[in-house]
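There are structures below to look over.
In the two assemblies presented below, chain A is common to both, partnered first by chain B and then by chain C.
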Partner chain A sequence: MSGFRRRTILKGTLGASFVPLAAPYVSAQGGKPYTGTTINASCFQTTYYEYLKAYFPEFQDKTGIKVNFTMQAFPVYNQRTDLELSTKGSAIDACNITFIYSGRWIGAGWFTPLDTFLKDPKHTPGDWDPDDFVSGAQSQMKNAKGETFAFTHEAGAMLNIASRADLIEKAGLKMPETFDDLIKVCDAIDGKDGVKAFVADKLHHWNWIPYLMGNGGNVFKDPPTNLTPTFASPEGIASADWYANLLMKYGPDGQLSYSDDQAMRAQMSGRANMRTQALTWGVPLVKDPESKVSKTTRFALMPAGPKGNFPGSNSHGLGIPAGSKKKEAAWEFIKWALSKEMISRIVEKHGYPAVCRTSVIKSPKFKEVMTLNGQDVAALYLEVLQLGGKTGYMKYRTVPVYPQIGDKINRAIDKITTKQQAAPEAMKQAQAEAIQDLQKAGFKVDQG
Partner chain B sequence: MSSSLQRRFFIFCVAPSLAVLAIITLLPSLYLLVTSFTPLNLTRPETAWDFSDPLISYRQLLTDDRLGNSIWVQIKLSFWTVTLQLAIGVALALLLNIKSRLLEALRTVYLIPMVLPPIVVAIIWKVIYTPDISPMHGIFRSLGWNVPALITNPHWALTSIIIADTWEWFPFTMLMVLAALQMLPQELIDAAKVDGASPWQLTRHVTLPFIQGVLLVAGLFRLIDSIKAFPLIYILTDGGPGSLTEVTNYYSFLQAFNFSYLGFSSAITVVLLAATIVLSWVIIRAVGWGLRVD
Partner chain C sequence: MLTRRRDRWLIHGLAIVLAILALSPFLWLLIMSFKTNAEIFHWPPRLFFPATLDNYAALWTSEFRTSFANSLVVSVSSTVVSLVIGVPAAYALSRWTTRSGNTITLWILASRMAPPIAFTIPYFLAYRYLELLDTLTGLVLIYLTFNLSLVIWMMRPFYDQLPRSLEEAAWIDGATMWQGFYKIILPLSGPGLAATAILCFLFAWNDFFFALILTRTDAMTAPVAVVNFMNYEGWEWGRIAAGGTMIMLPVLIFSFVVRRYLVSGLTAGAIKG
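Right, the complex of A and B next:
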């Protein structure tokens, strides 16, 4: 005990002896200990940082840190960052952790745990409130030990977005609440006014999964611990067949090549009606000046299947690469960029919809911004995010091998939709390829 | 100057170029070869220099059905694009090999697809193939023909890539053949005409043998380029629907940059490189360089 005390006193004395050395440095910079520091930050193209860029001079005035922020198209950003992170180089000091890569990037040790900064009041004041971030969104930014590697700046919550809800009402129906309802509504409105009833983009590994889960299936046996693929189960095959039929029968020709944006444009121009997709892709239908459906767009929860409702939710966060040599400055940037004040300002000034801080989501301003055609869409948004956090059903998507497993699912759904293969054949082949891939990546899968 | 001194001087002169060439081309190829003997996975740094099972990636190639499919797609794509580009290129070159101001202007117009950046070409064809915004589909609709979206139709997806690739690259063959035709000695043609050769016989027995070497070079260039096909597939079909337009090069790209399997992707690339070299050699041996007029 006495030894401990002696060591503590010695440590304290040693630490105290450095205080006079540090103090003049800080005061000499006028309270800006980082003057002259430049950090490099990056993200895929997203409106949040487009808006935030205008405020960077304020951050530099406050801290002395200059931020070089670059943005690239989503796939380009992911590929470049994947390669850059794998070198553990110091080229990037703060960057976005993309949802589907979160398991891979965090699991490989390519990011810095932020808990040290969070626990230290010198680095993080209490009112910054890390618990204010929605748990469902934030869960993707943690590892199995519960360490935090990023804070979320953008969340996606899957809703059913109808661009021509008037056609549904005219048919004497309401927004579908179940999968059966969805087909009933599609049957009633398909082709009316030249509008196809449903549209989806080509990322089936995101769009189809809620239908798979709603039918009682899953992508893996027990993610993230047991990654044995299970999407070719009887439920999976039936669901894939059902979904392919939905696309084939009620979707516009050529939609298998649609990007997110193309699918949104199909709705915006009034060529396609319903789409089950993240809210971010639905807001422009109401707010974009080019939209022809701004008055007829309505939002609802994703339809539920016999086994429940599993709307997709995702989130992208800002973290610090492990190789960064300016981690403290990078944390200053993250703290500022994702503070309650800054997010509130972006919401107020620009109407940013994909917020991840609960206090902002519940604020009157956000509610006002997200009241679309008289509907409280903010409440739907929060409900979906919390649903994802409660049971953790979105875990399947953050495992390190999801990009390659998702690719198998995409191609299988493509094959069923274009009648190249029947559902059982396509799904079984995709699952066999997925097992081969998992083994290649060094994962163990259950036999039989 | 003695011959050995001359030889040494020659080596001294070319050595810097050879050194630069070695650094630029041989070293990366060597690294590719070395990597193919490891299970390198970007998310598992310990796999970088793991030579414990050097043939693992090559064994995986043998059991990978999707790779087999990609090779078959590659063969179909290469065969049709090279054949069409040579045929259209030669035909147009023969037509344009006439002295006329109009045809000279047309030559320039025909070169446009080739000089456009490949991504721009891909975007042009994306517009053409997307029914909602396509002028082609608009015309068909106005004629009452319901043409399906070609790039997502399993019967048309590969054909639509072949059409776009042919449009982009036939000018290359045309340009090379046209240049060769303008070197064709007038005496050969005159002599054939004196012997009573018909236009067809003139083309068959004089022109084609004369341009055979150029055709071979153009064909080889196009064959090698077709094996490197990427932007059109990336933008138009992403290898789909399913894997119908997924060529080996694209499959290798997916393995390396979407899935991080660099070792496996390197093995595919090594095999692809070897196949290209062997194929080129076989073609050169079989066809020969053609008639030489000094």
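Right, the complex of A and C next:
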């Protein structure tokens, strides 16, 4: 008994002698369990992270996590990340889920479900408020079971952007509200002042779909459950023909090869007037110092078709690859990077326009930033994002093979516009190829 | 006489027009590199405009400078190493009279028998395992595997052409086999070496695919760095043009320096006999 006591006392003394040594270490960590941790994060080049990088030292001071953040051009990032994810690498701890790949990357199980972190108050405090993210933007970051794989940092909301609204006013008309109005306005203003009435970039699988849906068509029968392609339906063929005519008759020469940026430059230099595209491509028309149309640009909701209004919306989110070995630290980073506080600071200091948190979008500062030429564009932006979330019509974009199917749609619209093929043949051929893509990927499609 | 002179003028005129047509994309790129973004999209395009060096200045202060240096290091290294290994190999295969010599030469070409994309995933996984991703050494090794076959296949016909009696004479005079190669054979294959070096350099210098897949930031080469000017929210056209012009520059200089050897080098090994 006495030996036990002596041993206990000796052990206690030995332990106590280390306390002064250990104490400074704990205190140096300042309650930071991740001190010494470095995470690798990446995204394509986007202004949000360009601005956020300046605040990384604050994050490191707060958590002890060092962030090695790399950004690459959009196609470079997608190519590299696709390869890294598909080979289940652990080189990246947090990265962007690109909208066009969200179906493929999430569907293949290459990302970590974040619900476990969200449900655990130890990892996510209640005031972080995941429901604050706009539903339309978040819907593309979920799988069919409703699990969340990313939180969005950038959203695109399709609006009708007129660079020379003065020409529309001069013709005694207003911004078109329906497809018929759009043609009427185009007829009235085309060629006036040397400005073509309409412009679009070459990504018809994004630009044309709202027109298809407005006419009562759809890309798939009932995505994501029934992926039978339906874009060669009578409504789809009529819509493709109508859209090809819009491009051919009212668009500038060479627009079928235009990138997003070239179409924006055509508007910015005053060569083309209206474009139905994400707001991100409209803001520079007003704010870029090189813009010749900063005073004459106006925004409106996408024109509606006989069956309703289906403006495109997209989003890019930050998630954790399944192969990451530092998932908890990565979640700390996502939480910080997309907190209300950080997003608000980026909006206030840099005027960032593509926010996905409702509370920030509704804030007076965002309204101030997004009041363009006296117009409350923030309200239009929120309306489009919420519309996408309510009815789920954007689910077609989350189909894993949509990038391949989109290519077929692009080619079909090109052929119709250049009169290489009539609309029925072009669309039916594209649909047959889409069915092959789906079957190759293991999806079942309805027969006949 | 008059008709012949007129024909000559006509042919020369046609050649000049064709040359201008062939060079017009490069001239367009060069002109673009001295314009602002607003000037690039000015309609109709102006022939005379206020030129700016801002795009080149921006390249110098961006990551492009490091990428350009990476491209130089990787291209020169892979070219030199390919020649150092490939030239003696080509000579040996040329002088090797057994049937298996031809079989081995054919198998050396295996790396060129499939499109690069076929090797993507194996290379990527191997490089990740060997920790060669995003390293200059990794890129040099990749280009070496492709260039080596090119060197052997281009140089072997040169050595086939050279009479064996040349090195045999040297051996009789007391030269070793290596001395015969370095002092007699190698100097005679100058044009072939120049042409082969240019092609090796061009392959490594212009490669986009492997540089895209196997690098991240540290070993990024110039062609990938140029694509990085295509931002999600807008492309920097002026910098893309300036970067493209800068990428063309070393190839033009290198080709100019060795142009004397180039034509004879490309054709000399074509006919055996």
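FYI, the second predicted complex is superposed on the first by the 420 of 448 C-alpha atoms of A that agree within 3 Å, B and C clash if a C-alpha of one lies under 4 Å from a C-alpha of the other, contacts with A are read in each partner's own complex, and residues count from 1 in each chain.
Note that in this section contacts are C-beta pairs under 8 Å (C-beta built on N, C-alpha and C of every residue); 3 or more make two chains touch, one makes a residue touch a chain.
In this text, all values refer to a predicted model and were calculated from it rather than measured experimentally.
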item	value
Greater residue coverage of chain A in the superposed arrangement, chain B or chain C	B
Which superposed partner A:271 touches (first chain B, second chain C, both, neither)	both
Contacts of A:163 with chain B and chain C, given as first, second, both or neither	neither
Touched partner set for A:440, first chain B, second chain C, both or neither	first
First, second, both or neither for A:407, with chain B first and chain C second	first
Contacts of A:83 with chain B and chain C, given as first, second, both or neither	both
Contacts of A:431 with chain B and chain C, given as first, second, both or neither	neither
First, second, both or neither for A:261, with chain B first and chain C second	second
Which of chain B and chain C A:420 touches, first, second, both or neither	first
Touching partner for A:139 - first (chain B), second (chain C), both, neither	neither
Common interface residues of chain A - those touching chain B in one complex and chain C in the other	79, 83, 266, 269, 271
Residues on chain C engaged by chain A in the complex (per definition of touch)	36-38, 41-43, 120-121, 124-125, 128, 133, 212-213, 216-217, 224, 227-235, 237
Residue ranges of chain A in contact with chain B within the complex	79, 82-83, 86, 104, 107-108, 202, 252-257, 262, 266, 269, 271, 400, 403-404, 407, 410-412, 414-415, 417-421, 433, 436-437, 440-442
Complex interface listing, chain A residues touching chain C	44-47, 70, 72-76, 79-80, 83, 87, 89, 91, 259, 261, 264-266, 268-269, 271, 280, 284, 290, 292
List of chain B residues in touch with chain A within their complex	39, 41-45, 60, 63-66, 129-132, 148-149, 151-154, 236-244, 254, 257-261, 264
